[in-house]
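Just passing along the structure, written as structure tokens.
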Amino acid sequence: MTQLDGGVVPPVCTPLTPERELDVPSLERLAAFLIDAGMHGLFVTGSTGEVAYLPDETRYRALEVVAGVSAGQVPVLAGIIDTTTPRVIEHARAAKAAGADALVATAPFYAPTHPVEFPGHFRAIRAAVDLPLVAYDIPVSVGSKLPTEVVVELAADGTLSALKDSSGDLDGLRAVLEATDLVCYTGSETLADLGLFIGTHGLVPGIGNVDPHGFLRLYQAAKRGDWAAARAEQTRLRKLFEVIHVGDGRMGRYSSAIGAFKEGLVARGVITGGTTSLPMIPLNDTERAAVRQRLVAAELL
Amino acid sequence: MTQLDGGVVPPVCTPLTPERELDVPSLERLAAFLIDAGMHGLFVTGSTGEVAYLPDETRYRALEVVAGVSAGQVPVLAGIIDTTTPRVIEHARAAKAAGADALVATAPFYAPTHPVEFPGHFRAIRAAVDLPLVAYDIPVSVGSKLPTEVVVELAADGTLSALKDSSGDLDGLRAVLEATDLVCYTGSETLADLGLFIGTHGLVPGIGNVDPHGFLRLYQAAKRGDWAAARAEQTRLRKLFEVIHVGDGRMGRYSSAIGAFKEGLVARGVITGGTTSLPMIPLNDTERAAVRQRLVAAELL
Amino acid sequence: MTQLDGGVVPPVCTPLTPERELDVPSLERLAAFLIDAGMHGLFVTGSTGEVAYLPDETRYRALEVVAGVSAGQVPVLAGIIDTTTPRVIEHARAAKAAGADALVATAPFYAPTHPVEFPGHFRAIRAAVDLPLVAYDIPVSVGSKLPTEVVVELAADGTLSALKDSSGDLDGLRAVLEATDLVCYTGSETLADLGLFIGTHGLVPGIGNVDPHGFLRLYQAAKRGDWAAARAEQTRLRKLFEVIHVGDGRMGRYSSAIGAFKEGLVARGVITGGTTSLPMIPLNDTERAAVRQRLVAAELL
Amino acid sequence: MTQLDGGVVPPVCTPLTPERELDVPSLERLAAFLIDAGMHGLFVTGSTGEVAYLPDETRYRALEVVAGVSAGQVPVLAGIIDTTTPRVIEHARAAKAAGADALVATAPFYAPTHPVEFPGHFRAIRAAVDLPLVAYDIPVSVGSKLPTEVVVELAADGTLSALKDSSGDLDGLRAVLEATDLVCYTGSETLADLGLFIGTHGLVPGIGNVDPHGFLRLYQAAKRGDWAAARAEQTRLRKLFEVIHVGDGRMGRYSSAIGAFKEGLVARGVITGGTTSLPMIPLNDTERAAVRQRLVAAELL
């Protein structure tokens, strides 16, 4: 099986046509852009990829497209995001068929479950489909944090191969790093240097779609122990990341963030259009211009 | 189109075989049992029906089965529960095809949306499938409450036909009742009399699977203004409802509640087995015996 | 000792001079106004009385003033609101000295305590000062709900005489009413009829400062079982209560609510000025005019 | 006025006699112990100092004692923790009289205030008492986070001199560091190295009472850019910090943590007894022995 071993693994945006169908040529260009930039893997149908908005067929087609472009150059991770075990297992099977090298699953959500039921959830997924399993800790979406004890237990028995931490809890992440040999990724764009400082193996930055080279520089600086350089790159990327607030006040923060990432990719010539899924509110002309200004300021245009 | 007009509309349990496949004969018996008991409608694939646990095909098959049993005797409402608009619309189409008379949808979840995006969500669903649309307000699962202003706006323009309130916020429900002509249902088993006291039109009680006659008595007493009788029945049902805590301490509260409802239906001879979906933890023998004792105390056995 | 036995017990506003000193003549007039209106008790230094804003000396002076006006006509309850046991006990002693007939204390706050520590808290207060003790359940301020089990335990051993429930959780209140013989009060202005319907003994309505007669009518209708009249009065009071939103968007909801109550009392000629404590934002002219319009609409002016 | 300039500033424990009076000789020894260990300041009546549990006179006496021991050797910061502006100002005056060099105040709590009211709160405190003012951001106690914009605004106009961040939000702390010239302290014991890595000026570690030398080594390593040494020391201190869980399951986490800190100080011969305030639950013999084992493991005994 593919070995996950960290590095920069952006959660790939899912380009849509104006009719909100999958824009295959744009997705192909995006995947190639990211691989050419030196990314160590691609995470398809993650939160940034609008997984929660995509019908099943669109999810699996996006995965096929990216797996086709990668063709083994880098591992392709697939988000298998759904409410509970039986539904997640269906996605797991489909993702394997579509070419995924590893699967990324959250704890159950919507249904009021309990941490005592999390181990059974991940074990059933792992038993159903033979691919490395990554636990995705994202309390803001799931409504509960994956307890460290659960992660440690599931690392010890081989259920999990890796952890993607989008909780922002560096203390908890540190505890997992100390207690397991899981490959750990952080989903934080703005604390990436700190994540690497504490020993996290990889980064999954949404805005890495727009500036993969910046995150690669940050990662490489950290790897060679040049913390001053890592921190300086992080400072630049923090400034760029403010672009996610471009629509604040007029829409939800996710509409704003995903809209900004996609507009940034349009501005850089990678994808054709910035359409986002319903019910997200589209950026208007002023907001789109503001995105471009941010990219100019970050020397990406 | 079918008119929703309140009454007792239990969220139908979804019986499963030991292999966790849909147990069609049991579901047929359950639907018949509830219709015979005088229920005014049946709500299929709601939270109590384990909707968040059922693969798509199981959801739609359960709906077909219940619609087949009802054969127009009572309206069949279908929960079309998923994270965001495009996915919910797919369920809406399938539910209509499977025989639903009305559709029940929540606000988006998992994806961080915002109240400003809720109207677009419900309007797109209503535009896609021509069936009465019920807004399902269930903050414990969705993570946010449907603001009264949004409900009022969507009532005024005809997007919504009804509201199912599982928020426990009687003050907010009262505001909707005052400001709209929506048919309103409360999902609370223990405040049903209060819901009817403030003018709510209907009840959607999970434990109504086990004791539909009790809720019918409560509803009828309220309808004729006999509040003392309504309150007395509510007191009895509150006691019965404590059965949901049968597994407390050993499992999540949902495992305990759904397990108890199903075991109660087994005890009453309506369904064959009490199997619940993964990753729920099954009741053990002691807990199952405790369920039966509760039913004896409530004079249901 | 004074017996608490329910009825309407408004949480008395604390009038301030423009320099934010206690306005004693206004407070005397307010206490007399409320007693003349038939209130069954007065709750001094509660949340509506700005207890969390008043220096100790102002708290105790306000209590002395109201106890002096009452002179035994009605029981005077004193809020002894502070972070933890030793500080609350100091208030308890001072309140007894200032003439309180009963004491109202919350669970600890600010300091991260735990329900397992709540019984010791209330028992130590009760042991330190020999006055009836009322548990004040106000999760919005305290950050945690008083568990039913704790209330039941402290009722059983005589620590508590009463419960003031400002949690909005009618289901939990019902559980306390079923399991104890505590005198129970609800702090909800908008669900007062429902509170009485389930057997709650008394009301503690903030806006009862402005319209004590309305709450008395509601209470008396409920007492005689005239639920239609109780509900109709509640509908009128719900409309009046919307006055608390007069400053929404420009200030916090508490600045708006307390400002509105005080302005209402000025408009009705009971107190001299509407000054509120720092850091609350004062109502402006437009907002004050809106308060008066609401009072006109409610036929209070 | 005293200049705050970072370094290690432990929040001093408040030793109590078995009768729960201030144990002055123990407090004198503790203050001397910490100053001898090279601490750059002492923070009296902070959360670790049980400020929320201490009656006013105990608070001020503790401050006098520590100020007396310091006698100008290091700055003495005083927590002036209370619900709202008028009460906090009373503490501010008393703290200045008792010898404080700087004041540490939170946003209002208990009373439902709003961020729009925070600037008025801090400005009124600063205007009332002429001492450097430190904003204390501790959402777990206060219930809301100090917004970055508010901190920036109050830094710009000179209201604030410093920020003590106990929010755990390193991203927000980074934003303050980038946008202001405030002296910033982190209250996190387990992320101290990361705090210093991003440019935070000082540490306020509760367990620094027990191991001040460890935090000094960590701080000095970071100052000279030796991140490997800082991280190694942090790893050791993280292990020691697990002592706060010694009473888990039998008491609240604060009872456990404060009990452990005090027992550690007893074990090290600094204070006489480990008594904590009501309603905290005391450690039992087993738990006290476990504290000592941790200190042995950390080579402090």
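Per-chain residue numbering starts at 1, and chain names A, B, C and D are given in the order in which the chains are listed.
Simple rule for what comes next: a contact is a pair of C-beta atoms (placed from the backbone, for glycine too) under 8 Å apart; a residue touches a chain by one contact, two chains touch by 3 or more.
Here the structure is a predicted model, which means the values were calculated and not measured.
Trainee: Matching over half of the contact pairs by residue number, can you pick out the copy of the C-D interface from A-D, A-B or B-C?
Mentor: A-B
Trainee: Round to the nearest whole Å and give the separation of the Cα centres of chain A and chain D.
Mentor: Averaging C-alpha atoms per chain gives centres 37 Å apart.
Trainee: Where does chain B touch two or more other chains at once, residue-wise?
Mentor: Residue numbers touching two or more other chains: none in chain B.
Trainee: Looking at the whole structure, which two-chain pairs count as touching?
Mentor: Every touching chain pair, ordered by label, is A-B, A-D, B-C, C-D.
Trainee: Under the definition above, what is the set of chain B residues touching chain C in their complex?
Mentor: 168-171, 174, 178, 188, 190-191, 193-194, 197-198, 227, 231, 235, 238
Trainee: Under the definition above, what is the set of chain D residues touching chain C in their complex?
Mentor: Listed in rising order, the residues of chain D that touch chain C are 20, 47, 50, 52-56, 58, 81, 83-87, 90, 108-114, 116-118, 120-121, 124, 140-143, 250-255, 277-281.
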